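Two complexes come next, and they have one chain in common, chain A, joined by chain B in the first and chain C in the second.
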Partner chain A sequence: MSEIVVEIKGVAKTFRDFWLRPVAEAVRGVDLSVEKGDVFGLLGPNGSGKSTTIKMLLGLLRPSAGEIRLFGLPPGDCRARARLGYLPELSYLHPFLTARETMLYYAGLSRMPRREAKARAAELLETVGLSGAADRPVGGFSKGMARRVAFAAALVARPELLVLDEPTSGLDPIGTREVKDLVRRLAAGGMTVLITSHQLFDMQDICSRVAILSRGRVVGGGRVADIVERAADKRHALEDYFAEVVA
Partner chain B sequence: MRTAFLLAWRTLVRGRFVPLLLLAVALVAVFVPGLVRTDGSAAGEREMYVRAVLGGAAVVVSLAVMCAASGHVAREREEHRLALAAVRPASAFRALAGVWLAYLAAAAAALCAIGVFVYARVPGGAVPCRHHIAPVMPSPMAAARVALEKYLADPSTPEAVRKAPRGVVLALLASKESDRYDPIPPKASVQWRFPAELSATTNLSLRVRFATQFEMRAPLCGEFAFGASCAVLSNNTQAVLEVPLSMAACKDRPSMPRNGDSKTSGGKEGGDLATAVFTNTGAETVMLRPRRDIFLLAPADSFAANLLRALAQTLAGIALAAAFGLFLSSAVSRPVAVFTALVLAMVIFMAPSVIEQFPDELDAPAGDRLGLALTRAVYSLTAPLSEATPIADVAEDRCIEWAPFMRAVLINGVVMPVAFLLAAAFVMRRKTLPDRA
Partner chain C sequence: MRRFIALARTAALESLAEPLSAVVFLAALLVVHLAPVFHYHRFGDAARLPRECGLSALLVFGLVFATSAAVRTIGRELSSGTASAALALAVPRWLFHCAKTAGVFAAFALFAAAATSATLLAARTSALGAEIAATGADVRIWGPGLAFGAGGTLLAFAAAAAANRFLRWRFCASACLLTAAAQPFALVMSVPAGGFAEKGAFISEAVLLLPSFAVLAAACLVFIALAAALATRLDSARVTAALVSAVLLSFFAGQVDRACPAAGWAVRSVLPVLSDFWTADRLVGGGALSAAETCRLVASAVLLVAFWLGAGSALLSRRELP
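Presenting the complex of A and B:
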């Protein structure tokens, strides 16, 4: 039996106002598990609770109920965080740092020794095709370049679990293809990847398993290969399945 | 910590905070000497450079650092970068300490620049500072207790005072105690006690300021004796007089009372005490506030050493302000944090004069009493910061004593910032996302 990397049991999240009155029930009893080596797609329409679930998984929000385990540890545990990489929906880089300094900053936060961090930064900037722009401030980068820096920063500490929130958002078709290729390469290397996206066609290409959220609940999911096998239109299998379960 | 420091420092430099801070300090250095008039003497020039230029620059640096620090964490949170850092296995306290050190480095750079400028420009920069030794007296609260007992024993004391809460009356009397005048009628003598070891010090001087009942200028004549040294005072009241004490002056005046030899052991403060005597030989009754108006001056160390201590103590105050700003910004949004920090800074600096100038508290309406109680609370909490006036001390050639200096640096520069940074780290871990996220 393979190792469970992410385990979410009966997790709910209710947002409250200043007076602790409930404002929105974003997640209502979600159960999920992601195994080592999975490329797991967390799909759902806007407002379905994907981002809230990811934020609880990362320890940025506390669940109102239920339990989350990352590598068998609570999400706030430093040992779990040391094995985690995260790419948010927007890049959120420090505009005054260069690409190389950005990498060294996140490597430093991950407690990587300076010498190793420098080598790793150079390697990753090469991987994402930014060696030539390594010493330019990222504030002047295009959206695609900034996205690649953020992707490299998420990988700098050699994470075992990579959480990607809309990784292809804002990228042109070539950039999207590069990201998909990179995710495939990482997965082939044994990394576990958890992705949220609206790009169902891309998700069908790269995910091994998916879960579909709607109104805070898991309404469908399973192995992508099984979904494709069952579908009449293989090319749009995930899209059709998504429309069916969400409707 | 190193990672966070480097990030914050690069942001401060490349985001133009440090260059603008240095520019602001340079503008103070260039324009303030042209705006502030002096009496033309070397001492006046020195005071202007220290008090106006260095003091002005210190205010600019303090406010700039506090405002910038008050927005720092909130800005990182609002721009979602805090969440990105929070998912890494880094200690929030260390990250905040790195940011705090970056602000401290920026403030230190600005203070060093203005410190070097002032030292280079001060005429006769080698004028040494002096210890200012006040008479040994019971604490204002102890004196207030004695005064209250006396009031209560007096049948003419108003009923309102008897019925008022004892704590309120004591606080009132204690605050009045530092402004209490001792009248000295013509031909009368008064005594104060100073540490006995001072009587063996050579090059002692007396700094004193006498007043009259109606704050009018009047002729002042008197004789002062301490140990084997004496001084003759002849000037006007209201003026700050500084006269050297010498044995020669005693020889000229054999009639002068010499109680300086009589040592008293102990006293509440411990150690041997020697008595100093002042005799009013003029025709007017004069008076002074023993806690504020009379000091013996003993030589201490150089102007440069005193200036360095003042800069270090100022930097410690800025360190506290920066740590408090970071704490505020970890808890609330940027505008709220900056506004709160500015209002609090105003309250801290205005609190002493509000407390001092407030009319009789016993007659005040409840709302005013509540406001005063709040101001007092803020004042008592922030007294280590607001009562420290290192730059004014340097301007007056007053030596910054090692014990209060070390205490201020340790409390303002280390203990309190660490406490605020720990609190900020605790809050930041729980509030990594912007409110709208």
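Presenting the complex of A and C:
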């Protein structure tokens, strides 16, 4: 049996105001499990609770109910978080740091020795095609370039689990294709990937399993190969399935 | 330790890389260096006005610089999401808070060292100007002091601009660093040539002045730690308002103490009483701050810093980061 990397059981999240009155019920009893080596797509329309679920998994938000285990540990445990890389929905970078300094900053946060960090930064900037801009401040980068730096930063510590929140947002078609190819290569190397996206066509290409969220609940999902096999239009199988279960 | 260093170094750089930081460095140091020029009253003590001007610059400009830096490095990071990107990794929240605050402390230490060097130079400039004036010559300013001090500060800014143009260095951060480096350099260059007697007056003045700067800087560190703790929960406008209130409260802590001892005790438990930390009046006419009192004041500031660091860490630990 394959190792369970992420286990989410009956998780709910209700946002409350200053007076603790409920404001929004973002997630309502979600159950998920991601196995080692999976490329798991967490799909859903805007406001369906994808990002909230991911933030609970990363320990940035506390669930109102339910249980989350990351590598068998609670998400607040640093031993669990040391094994993951995270690409946020927006590329949160320090604008005054150069691309290389950004990589060294994230390498420092993962306690990587300085010499190894420098080599890793150069290698990853080469991988994302930013070697030529390595010493420019990221504040002056285009959205696509910033996205590539953030992607490289998520990989700097050689994580076992890569959490990608809308990885292709802001990227042009070529950048999107490069990200897809990179995710495929990482998955082939044994990395587990948890990915959220609206680009269902792209997700069909790279995900091995998906779960579809709508209004805070899991309304569908399964192995992508099975969904494609059942579909009449194989090319748009995931889009058709998504429309069916969300509707 | 690597995580702490990575976070603290970024926070220090962020503190210095803002235009406001360069403006504060330039304004504070020029005010100190130009104090001997506008020297119309000596109060029987030639170095008094530059000395008090330097201490005031450390307190006022230091608080402006440090508050804005603390709000930026913690508050703005939390609201912009860069903090979430770091805290999603194996970074405990208390470590994040303490390291970020330590980075702001380091940037403030640079400012405090520059202000102290500038004040020593300005005080010496003023004293020598008074000696020359006493001989009957109509000279009020000791030229080399002004040239090395104010000129060096402006030259450092020009060097930062050149480094930005030709080497792509960050202008504001390098302006702050070069300006701060110029101050001790100017101070060393202006030490009078000659034997021990000539240098002796200079050194004894420095020995008298340094404890006062150390004590006042320690009080500023408490306010930085307070601003950092507040920034974990409040936006920049609210942090600024709360900090201004805290500074005013600590100014008038003596009066509060007399009116209501319980309230005075409460204020003393969480804030430095600025009237205790303002020791400029004791330096008049060659007076000094005793070593025991210096240690007592610095120790009380260290305890308050520890209290606010703990409070900030606890507040951040309980905060959700949507």
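What we mean here is this: the second predicted complex is superposed on the first by the 247 of 247 C-alpha atoms of A that agree within 3 Å, B and C clash if a C-alpha of one lies under 4 Å from a C-alpha of the other, contacts with A are read in each partner's own complex, and residues count from 1 in each chain.
As a working rule, a residue touches a chain if its C-beta (ideal position, glycine included) is under 8 Å from a C-beta of that chain, and two chains touch if they have at least 3 such contacts.
Given the structure is predicted, the values throughout are model-derived calculations rather than measurements.
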item	value
Chain C versus chain B on the shared chain A, clash or fit after superposition	clash
Which partner reaches more residues of chain A (counting touched residues only), chain B or chain C	C
Which of chain B and chain C A:Ser214 touches, first, second, both or neither	neither
Partner chain(s) touched by A:Gln199 [first = chain B, second = chain C, both, neither]	neither
Which superposed partner A:Thr53 touches (first chain B, second chain C, both, neither)	neither
Which of chain B and chain C A:Gly108 touches, first, second, both or neither	both
Which superposed partner A:Cys78 touches (first chain B, second chain C, both, neither)	both
Chain B versus chain C as contact partner of A:Tyr86, first or second or both or neither	both
Intersection of chain A interface sets (partners chain B, chain C)	55, 58-61, 78-79, 81-82, 84, 86, 88, 90, 92-94, 96-97, 104-106, 108-111, 137, 157
Chain C to chain A touching residues, read off their complex	2-3, 5-7, 10, 13-14, 17, 80-82, 84-92, 168, 170, 173, 320-322
Parts of chain A lying in touch with chain B, wherever the complex brings them together	55, 58-61, 76, 78-79, 81-82, 84, 86, 88, 90, 92-94, 96-97, 101, 104-106, 108-111, 137, 157
Sites on chain B touched by chain A in the complex	2-4, 6-7, 10-11, 14-15, 79-81, 83-90, 95, 429, 432-433
Of all residues in chain A, those that touch chain C in their complex	15, 52, 55, 58-62, 78-79, 81-82, 84-86, 88, 90, 92-94, 96-97, 104-113, 135, 137, 150, 153, 157, 163
